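Right after this note come the structures.
Shared between the two complexes below is chain A, which has chain B as its partner in the first and chain C in the second.
On to the complex of A and B.
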């Protein structure tokens, strides 16, 4: 599982970004995005902001759970009181695209990613899909263990981006990041919508990622 | 040592019984905002910011000593500078900030000592700006130097105070150096001839 975490300010401006991989079940904590996917991630995150704006009025929760999906990338969102968005893109390690997971959210969310790939990415819209499939088809060895469906892998958060366990793990991750985020912005030298450059905060996000994801 | 434990007991008692408390975060955020604003006003001329903080503190100290004497009820002169240090750390800092800095590094002539702050309530949440200079130039809590200087001046002690390390800068400790320059003699007002 690879993760891309971003904090988006009130003007839809990025404040912070961090890439990491899973540390559970022997993961080394490194993100396995390809160079292309890495750039695509930013677009995916940005496009999901529209859906966040729709979803945020439907319930009073800060944790909006899974809001969007783009091929094998799933986006979870947490909204702070001051309308700062925490977005976590998570991507299962193996070819879950072939196993065709059911779409988690309504039809509204599926329209936006395709809109992105056509409007933001006109020339590469064809190359996006091959790059993702090479990415997901890369590790066949782990595919077999996944399809084997032991009890451990079926509940692991890496294999099931839509499972309640994953939801809960991400909730914990967001809660911890939120706590540290509040501490970071309490610094008198921080102003709203300023990029968060604190190395302490980065280290704490990394620690939270290691702990829960 | 008996005077030290007496001082800490006194500080503890006053803190418990005679001090009105305010929310620590209110203090932290207010002070932090002031420092950040001064930094902005002086366009990150940190030497100047330090000076301004020291001057603000000095003006506070001139009056705060009155409050200190009223609350501590010790209308007795400290017999030497060592006792003064004890009272500063264990009573003064205790009742106003609820911290007791450690007194160390005395020089042989008993005129210079260090206050080492295990915790600094002014600096909670603070991270210095990463402009490459603040880390080397700004003393975030410099107001404390001024307070000490102002307060001691009102009780006939001229001192020189400055920070020599700060955890905000990445040092291991927060340490303030206090040097007694001289005892100020009572001066008679100029006679009118």
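On to the complex of A and C.
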């Protein structure tokens, strides 16, 4: 399970971003996005802002739950009172787990539009090969992709992005980030829509991610 | 300190404890993130200290201005960022059940009248009114009989137009802007005789009884005129039609 968390300001400008992986179920807290997916994540988050703006006037809650889905990426949103958006993109480890499965599933996944394979995760039939080839190149992340895929089980919160447990875990994560965000803006030198650069804030977000996700 | 070694390598998160960012920490190691956001009910600031600071703020704003309009604008600007931050802080302090973003004008004004006022001045605002003039449905009034900010401000005769509660108006404007209800907020003194009744034809029909005497009883009565941008009302109508 990989997460991409971003805080978006009122002018749709990013204030903070952070990538991390799950720490539950023996995860090591590292994000497993491919280089392409990492770039795409920002576009996905940006496109979901439209949906957030649709939802925000129908629901007064701060936690808007799951707002958007782009193939295997799920986007949860938390909206503060002053219209700062916390967006969490979470990607269940389907790509790595399906690569561990035998071929029937890979033929099923190849029927999905080719955009998936080009953008999100490589199609499972081919994903093993490039990661093996990069393995010889000494890339550290691809080896952990393989081991991570086999060690994780489907009962983790990560595997069910729509389950109530996941929803609750993300709610707790957002609540903790929100508290730290409010502390950040209490600084008299902070003005709305300024980037949050504090290393303490980053460490706090990382701690919240480790704790709940 | 101890988490130097294990977490430091991980995706840039745990690192940056010291040194590399050039950031300096307080000697006791406590940053703004270590302090609690909730405070006890009785934690209040000295009124004298506030009055002293506020007087300085007014004279600072007055230093290079050409007119009263500009002075009020400056006071307004000083309050604006406070309002933006208060909105988040006060909603954070709400119990989780009622932690709702204000979605319509009434909810927002109630939030200002009750939460913001209680936080700032230790009591609620005295009255909330909607302009009865059909030409200006976008105008709302928050009325305070004796604004705390004006308690120790004496305005000279030749500047009788001035109301230093423009600072509080700026705070209100910040709250409105932050919540997504862009508005223009101005402070007007209506305590003077004549000012209260004729101004804008304000007030509902039922409230007229108490209004006439208000002028004498509360010479410092201030009306915060909240004028929302047209798009706010447009959206309000759309939301109202949907639900």
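Assume the second predicted complex is superposed on the first by the 152 of 213 C-alpha atoms of A that agree within 3 Å, B and C clash if a C-alpha of one lies under 4 Å from a C-alpha of the other, contacts with A are read in each partner's own complex, and residues count from 1 in each chain.
Criterion: contacts are C-beta pairs under 8 Å (C-beta built on N, C-alpha and C of every residue); 3 or more make two chains touch, one makes a residue touch a chain.
The structure presented is a predicted model; accordingly, all values stated were derived computationally and were not measured.
Once both complexes are superposed on chain A, the partners chain B and chain C clash. Contact with neither chain B nor chain C is seen for A:44 once the two complexes are overlaid on the shared chain. In the overlay built on the shared chain, the residue A:189 is in contact with chain B alone; chain C does not reach it. Contact with chain C, but none with chain B, is seen for A:206 once the two complexes are overlaid on the shared chain. When the two complexes are overlaid on their common chain A, residue A:180 makes contact with chain C while staying clear of chain B.
In the superposed model, A:75 makes contact with neither chain B nor chain C. In the superposed pair of complexes, A:19 makes contact with chain C only, with no contact to chain B.
Considering which of chain B and chain C touches more of chain A, the answer is C. Of 1-9, 37-45 or 163-171, the segment of chain B whose C-alpha atoms clash with chain C in the superposed model is 163-171.
Annotation: chain A residues 183-184, 186-187, 197-198, 200 touch chain B in one complex and chain C in the other. If you check the complex, the residues on chain A that touch chain B are 183-184, 186-190, 197-198, 200. Those residues of chain B that touch chain A in the shared complex are 25, 28-29, 31-33, 35-36, 39, 124-130. Note for the complex: chain A touches chain C at residues 18-20, 29-31, 56-58, 60-62, 79-84, 178-187, 191-192, 197-206. Within the complex formed with chain A, the residues of chain C that make contact are 7, 10-17, 21, 23, 31-33, 35, 37, 81, 84-85, 87-89, 91-92, 99-103, 107, 178-180, 235, 239, 242-243.
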